[in-house]
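Here it is: the structure, laid out below.
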Amino acid sequence: MTTLPYDPARLSVCAADIIANTRELAALGWTPATSSNFSMRLDDRHAAITVSGRDKGKLTDADIMVVDFDGQPVATPHRPSAETLLHTQLYRRFPEVGCVLHTHSLNQTLASRLYGGAGHIRFEDYELIKAFRGQNTHQTSMDVPVLPNNQHIPTLAAQVDVLLDAGSIWGYLINGHGLYAWGADMAEARRHLEAFEFLLACELEMRKLHR
Amino acid sequence: MTTLPYDPARLSVCAADIIANTRELAALGWTPATSSNFSMRLDDRHAAITVSGRDKGKLTDADIMVVDFDGQPVATPHRPSAETLLHTQLYRRFPEVGCVLHTHSLNQTLASRLYGGAGHIRFEDYELIKAFRGQNTHQTSMDVPVLPNNQHIPTLAAQVDVLLDAGSIWGYLINGHGLYAWGADMAEARRHLEAFEFLLACELEMRKLHR
Amino acid sequence: MTTLPYDPARLSVCAADIIANTRELAALGWTPATSSNFSMRLDDRHAAITVSGRDKGKLTDADIMVVDFDGQPVATPHRPSAETLLHTQLYRRFPEVGCVLHTHSLNQTLASRLYGGAGHIRFEDYELIKAFRGQNTHQTSMDVPVLPNNQHIPTLAAQVDVLLDAGSIWGYLINGHGLYAWGADMAEARRHLEAFEFLLACELEMRKLHR
Amino acid sequence: MTTLPYDPARLSVCAADIIANTRELAALGWTPATSSNFSMRLDDRHAAITVSGRDKGKLTDADIMVVDFDGQPVATPHRPSAETLLHTQLYRRFPEVGCVLHTHSLNQTLASRLYGGAGHIRFEDYELIKAFRGQNTHQTSMDVPVLPNNQHIPTLAAQVDVLLDAGSIWGYLINGHGLYAWGADMAEARRHLEAFEFLLACELEMRKLHR
């Protein structure tokens, strides 16, 4: 009898949550061409994450695998996404983070390219800033960092660590690539993801309109 | 035996109506990141309203609560939205108002920011102006007021009172925030909300096109 | 026993067809705020048409009525849309027309306003021109007329008659208002409607892009 | 007893796959006005393909037919699309191609017109370039060819042959018309199609934004 190093009941619950939410995000067009990946914390050493390369609109239990916080597969023959390390670095660093969502929407890609040179995009005076944990007024500004893209994920992860050292954030963009957003649980991570997407869309449309 | 100060059968009907309509509005993307709130009049002292912070695409009966017209919770431990007063001021002031819908669509947010300085946005020569109660021709203009945003809701409510004193309107925008729209019942409030959204979209697109 | 002047079995079939198609068009957002109306020919004197003011996403049999070709209600207490005459003038004039669809999409409204001054909008070199009956090449151009809006429907109908005298068309725009499209049956009218909508969207986007 | 020259069980599987995928593409609005066509390889001499002129959102088994690699109907009275030859030339030329998808989205049509003069549109520095088979970095560029439209399909096919001689591609645009995309199977062809659509949308939006 094999003893799994994680709780399979907890995995079942997380897999169901990931599948349901990922289908909704796929229906919005935020996961084109099998891109994007999604994870939830299982315990203080393991996370459930989507298997690489699957159609995110049609996930089943077989498309969810377990990794440790070094990004290595646990008790599974599946290959995790190359970007798994960008998920697990957040779980390792922040015990309060329970869910990480990485999407590739059109607005996220466009904003990352337009503001990649500046290194960040600023949100100011939007009521929806209050959707982020810890914000209680629109009379503030928040900067979303934009990192250069890199196929060497440990390099990207090191750049993210520098960002995380610099202050509290709930997400970042990678240039030409997409958004990472996170939260205490799936509900909070989704709320943050939706707020990022909405505010990025606002900034892009304002560029078209405000001339 | 507890006696409720409102008719629970009427609450059931209103809750079902709010839930069904709010899901449709959420599916349109008009309630991002758990924003927006929705209410219906129960009687001449009470309204049913959505509980603060819930995902508007997944409401159930447990997400609808009762408030009095001072915005205070009635026979419930739930916390109403901070903006409840903007709903109840309309029920208190206008006996013919039966439903108030507050949404945060992209077009509403963009229009509120672009026309916040002017204090209003004008619709002219659109057939859809006839969707507003009391309008029977396109050969007219109507102004949608845009208020500055404020985290102190009584201040916002006082500004709305000034607007309502000035003339008959079916909705207003708050800068960087969203739209309030209302009507005699859910069907009329929805019709007004859809007409506002459509005409705001027209005005924004015309800015991009008419150059 | 009442004898109806039309075949109730034919009405049933047409009502089901109108309801199914109208729901799909409503889901696309082409019928905002209870606008738009839809009809099918019953015989050489009658048509089935949507009752005025109903939510087009939720039609039932009770929302379909019969009118004669003068636009008068037949064997029903319902009020037809003020624009019924714009449907029946097509059935009266063209025995081969079996279905008329009138929608209010954003693109239709925007195009009608931008090209209202010119009186038409021209489609050229699009493969989708072949979706219109009688067209078999993209190497052609077709003009969609744009009429000024008018609350006096007989005046509008007289202007349409002048257009119809001038040559074969499958639809026209009314300024600030929407599109009329028609065909031999529901399938052809839908195909024409979808082609108009697509080509209008192309022309609007090209204005934004081609600078 | 008639002996079919292809395996009817394989046809059943392919028909189901085509129908399910085509409905999803129709729901995205990529097949307006009964346009577009879709095929899968049956064996080394036959392909299953959609019958001409059907509503792509409502396909059934009766809307799928078999053609040989000269584009001729096999054991069916149905007429294949005039463009069938553009599908079969790929199956004939590349034994590894199992699926060809031809769509008419707004973005595909717009990009084809804007870049038709240049003869190609270039994608550069997008993470999603990795969605195409054989690509493993974003630090590259790929060109999507744009052919002039032509009602004489053998002429178009000859131009495509020149493109295919010039190097490995997974799709091309036809001016004012739409996109052809392909892959080893339905999943890969869909992934390529979605990546083309997303990257075309990015390039179009960047033109509007990057000024």
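As written, the chains take the letters A, B, C and D, and residue 1 is the first residue of each chain.
As a working rule, a residue touches a chain if its C-beta (ideal position, glycine included) is under 8 Å from a C-beta of that chain, and two chains touch if they have at least 3 such contacts.
Note that the coordinates shown come from a computational prediction; the quantities given were computed from them, not determined experimentally.
Note on connectivity: the fewest steps through touching chains from subunit B to subunit D is 2.
In a homomeric contact, the two copies may use the same or different surfaces; for subunit B and subunit C, under half of the interface residue numbers are shared, pointing to different surfaces. Subunit C and subunit D have Cα centroids lying 32 Å from one another. Separation between the centroids of subunit A and subunit C, computed from CA atoms only, is 45 Å. In subunit C, 208 are the positions where the chain touches two or more neighbouring chains simultaneously. A ring topology is adopted by the chain contact network, closed into one cycle in which each chain touches exactly two others. Against subunit B, the residues of subunit A that register as touching in their complex are 125-128, 131, 136-139, 187, 190-192, 194-195, 197-198, 201-202, 205-206, 208-210. Put simply, subunit D touches subunit C in their complex at residues 32-35, 55, 104, 106, 109-110, 113-114, 149, 151, 174-178, 204, 207-208.
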